[in-house]
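Order as written gives the chain letters A, B, C, D and E; numbering starts at 1 within each chain.
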Amino acid sequence: APASAQSLRLGTEGAYPPFNFIESNGEIAGFDVEIGLELCKRIGVECEVVAQDWDGIIPGLLANKYDFIIASMFITEDRKKQVDFTNPYYLAAMTHVAPKGAGITEFTNEALAGKVIGAQSGTTQADYVEATYPDADIRLYPTQDEVNLDMASGRIDLQVGDMLPMLDWTRKSDDGACCELAGEPITDPAFVGEGVGIAVRQEDDELREKLNAALAEIRADGTYKSINDKYFDVDVYTMK
Amino acid sequence: MFELFAYGDAGWGDEILRGLAITVQLAIVTLPVGLFLGFLAAFASLSGLRPLRALGFGYTTIMRGLPEILTLFVVYNGAGLLLNKGLRWWNPDAPPSDFSPFAAGVIALGMVFGAFAGEVLRGAFQSLDKGQVEAGRAIGMTDRQIFRRIQLPQLWRFALPGLGNLWINMLKDTALVSVIALDDLMRMTKVAVGVTKQPFTFYLLACLIYWAMCVLSEVVLAQMERRANRGIRRAV
Amino acid sequence: MNPIEILFEYWPRLLDGALMTLKLTFLGALIAGLVSPGLALIRVQAAPMAQAPLRLYVSFIRGTPILAQLFLIFYGSGQFRPALEEWGLWTFFRDPFNCALLAFALNSTAYQTEILRGGIMSVPQREIEAAKAIGMSRSKILRRVVFPHAYRIAWPALGNEVILLMKASALASVVTVFDVMGRTRQIFSRTFDFSVYLWAALIYLCITAAFVLLWRQAERRLSRHIHAPGTPRASAQPFKESQA
Amino acid sequence: MTKPETILKAEDIHKSFGRLEVLKGISLEARNHDVISILGSSGSGKSTFLRCLNFLEIPTSGKVTVHGEEILVKNGKPQNVRHIEDIRSRLGMVFQQFNLWTHRTALENVMEGPVQVKREPNAEARDKAEALLKRVGLEDRMHMYPSQLSGGQQQRVAIARALAMEPDAILFDEPTSALDPELVGEVLKVMQSLAAEGRTMIVVTHEMGFAREVSSEVVFLHEGRIAEQGPPDEMFANPKTEVFERFISKVK
Amino acid sequence: MTKPETILKAEDIHKSFGRLEVLKGISLEARNHDVISILGSSGSGKSTFLRCLNFLEIPTSGKVTVHGEEILVKNGKPQNVRHIEDIRSRLGMVFQQFNLWTHRTALENVMEGPVQVKREPNAEARDKAEALLKRVGLEDRMHMYPSQLSGGQQQRVAIARALAMEPDAILFDEPTSALDPELVGEVLKVMQSLAAEGRTMIVVTHEMGFAREVSSEVVFLHEGRIAEQGPPDEMFANPKTEVFERFISKVK
């Protein structure tokens, strides 16, 4: 859509707490969504939130089902072939998560051969798992929720997820209490890239520029921080 | 337990009902689309023209052989891309147009329904008693008159059971649109599961709702069949 | 990338998916095929009360989306892990393949039972009477007359059911079992290349076509007595003639 | 009685199904008041010939003339396709299997032709149909569907349906052979009364009694040709061909 | 010839379908070499009676004795259920629609009973079946499926199948009425030869010729009762009841 439009549509997944999720009143909420809506306000347009399953989230953008994606998407080379990204709006790392007391300490293909490892399909985590542990039994789920669900019910021995949601899940939710983070954060730039960005169609340069400007603005005037603090203990923009 | 299903902000009753409404809308909008395609397919495969027959055969065979979910993805992802490419080619400045999941669902499910309905209708045509057609010819009726006065009124009777089955299948297939993010009953159920972590409860609830819809459909269809067969079978 | 490059790069994954599709379909159909004759007999012969649970089961399976059944079995069983562990069933439900197979087998059993029931009911009553008239016992009549006929009548419908099962198996990826469709979605979400769907369609059509050919071959064998060459005009049954 | 006038004339009818030549040149003329019985063993081509007369089968070659309207067929192509529906509406046909329209009542079956083909007004057609159904003894069954009627009754409705078109001649293809032996009588009675009225009829039949007593001419088909033809008394008394002799002895 | 010995005896057979009483007390005795024809108009209960004899229908009450083995039925419950299969294997039955097993060849149809019910060795059963098929004139059709045989041929296979069980008596239910008139003869010929051999036969038939010339006794059923019974010559010459007189006049 032309950046001059009066209203824009914001695409997100809605199954990735705390960044984006659906509340029991049916509203989509979360860090991504709040940031996204704030950016809209700064650009001066009304924004409508559209939920879209992860699998189809980039095709959905290309097919004009919404105008930009703010859904905790890592900026990667593969994705850059399809869409353009804004500057990162937060930095992230990935992490392993294991059931408490599982005693997994070594994270090599040999050590994890035969273990059941879960991740969300179509994510950088999935790519990481498939590339790093070819001899493990890898299970790929449609949503992160389902990975968590199955980890809690004990079907998987280990999962790789985004650092922040995993922190949130293991510490704040009831079912996440089963599990804990394991090993060091995964920061391999080959997978994590430059951080997490907002995706726009490649021809929508103007929109991308406006989003970048608005991002800088909310970062500068503290709005970003106040949203950040509602969700996280650390400043996710710098990860410090 | 019951507060889970409460209607309102706290519970999931309203979300699930809203999902149900989408599901029903989707099925009802798809039905005429599918029937229309079905008639086209049946006429094509019964036509005297070879290319038309081949077209009808190709359509029904391929659509029936592909998993519904594949069709849905092709329509949803592919058609949107194609549509926009087409528009750009036509007018480079055209605003990208929108292809809603609802429309994709209607088109994909309608295409599947149409392929199966084409076969049902063709079969119904062919199971009409040839003798009755000949009797029409023998008194000098034209082919059009025979079609309108003899074949069409009986077609319904032969096709109804098959079409009824297709309706029920389609009602269930609407669940597939949840994977393209249309907020139907199934997707709202998944959302509820994601939040409440009570998969069994909510998936069972969804199953029961679909089941109720199917049983209701069956009752109505049986009624329709009885009406269609008035005078055909012996009263006793 | 052009379609050929896609195939070139991803064929091992697609092949892997195809094998999974075949495995799910074959095992699901086989299990259902073993269970359904007994259930069909119950449906035909047992007292209405005895049939009630069976009818409920068939109605439930036919009245609910297989996608919902899959979720119910897979994620639902997770909710009951402690109970399942107690009964020693968790090792079964832990494996997603088992869950998917269970869902498909339950599904296909319901459909196959109904199909076979139809087959049994359309065995010509007269041939059963002829068997009674020479003093055959019930079980003999079932084995020598009823089932041979019922299978011949049900054969095409059973074939359709297997194809439907194969199509339904395209949903297995929602429970992490990666069949053709699952692999296709995975590849698509990586490449966003539309042609991978076309390859998937081609794979499904090939599997279906091969299956249909095999099934027809078997059908021809089963119905030797109908398509036998040199069939004279059915002058024996003037009633049947004009209805054909 | 009017003087004999040719109503229907078939000349040198040939018919092949694929490579099988079923009719090998048959000619037949039916005049006013003729009742022609066609006999022949199964597969001799009786039905096929009858169906060629009103073009339910298109002959391979030959000529059919009905009431002056003629259709010449060469190489399976009728020259005057337009006339086919016309000829059909002038020739009534009664089938072995009755072929009533199952979704219409007896009365509606009889009215269909006059209303739809001859465009008669509804009320008129209804009166006529009622009279015809009374004529065949079904005044109390007019509003029943075919499935509620016995075979004999169905066949009588079929006869009324044919009569409703006021045809120049009626073709019967084994009208009683799908009936239970006891029901045969009622249909034969109706046919007999039609013959007595002076209707022109061509009847394929296995009922020797009917052929002998009612018909004015008997035609015996054998392997697609007319093997013998003549007045019934003569033919049955001294069959000229061996095949016909064998046929009579077998059938009764 | 052996002296007459009772082979089959039915005493006071009653049969109701729901509230409709179809058989109202029928008794019949068949001795060695008897050929009994059962006549009656449609719906009079002929088939039902025949089917009660070998318990294809369970009578509502009555007694059937076959070769000393007796089954008494009260209130629709046979006292000796075990004997039913036994009695059936002693009574051959030939149906109107032949009822051959369509998925088996002629030979297999004939062998099925001896091998499966009487547990005869395969080779022996095959020899016997071949001999029987030759006996009914089908030596060249043994390996054909029923659908490849004409009606008359199918009925002859059915007769051979009944004979293969070496029954004490054979029941025929209108064995020729589903056949084209031309094919009737071949089956009647076989039945005639069975009668000549001294087989005990009970035949429901519409073939007056057969009833008159072949049978030793004629039974006329009317509305579920035996209305008349006796040697055929006498009965046809002077019918005692009005119903039988009307029946004869209608059927021929």
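As a working rule, a contact is a pair of C-beta atoms (placed from the backbone, for glycine too) under 8 Å apart; a residue touches a chain by one contact, two chains touch by 3 or more.
Model, not experiment: these values are computed from the prediction.
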Which of B-C and A-B has more C-beta pairs touching across its chains: B-C
Chain whose mean Cα position lies farthest from chain E: A
Separation of chain A from chain B, taking each centre as the mean of its C-alpha atoms, in whole Å: 36
Distance from chain E to chain C - Cα centre to Cα centre, in angstrom: 44
Geometric centre distance via CA averages, chain E-chain A, whole Å: 84
Gap in Å, rounded to a whole number, between the CA centres of chain D and chain B: 47
Shared-contact residues (touching 2 or more other chains) in chain E: 180
Sequence positions of chain B contacting 2 or more other chains: 73, 77, 81, 129, 131, 179, 190, 193, 199
Shared-contact residues (touching 2 or more other chains) in chain A: 55-56, 59, 62, 142, 146, 149, 152
Chain B contact footprint on chain A (complex, rising order): 1-2, 14-15, 21-26, 51-53, 55-56, 59-60, 62-65, 142-143, 145-146, 149, 152, 174-175, 201
Complex contacts: residues of chain E adjacent to chain D: 41-42, 177, 180-182, 185, 206, 250-251
Touch list for chain C against partner chain A, complex: 75, 77-79, 81, 90, 94, 96, 173-174, 176, 178, 185-186, 188-190, 192
Interface residues, chain A side, partner chain C - complex: 54-56, 58-59, 62, 78, 82, 118, 121-122, 139-142, 146, 149-150, 152-155
In the complex with chain D, residue positions of chain B that touch it: 129, 131-132, 134-142, 145, 149-150, 153-154, 157, 231-235
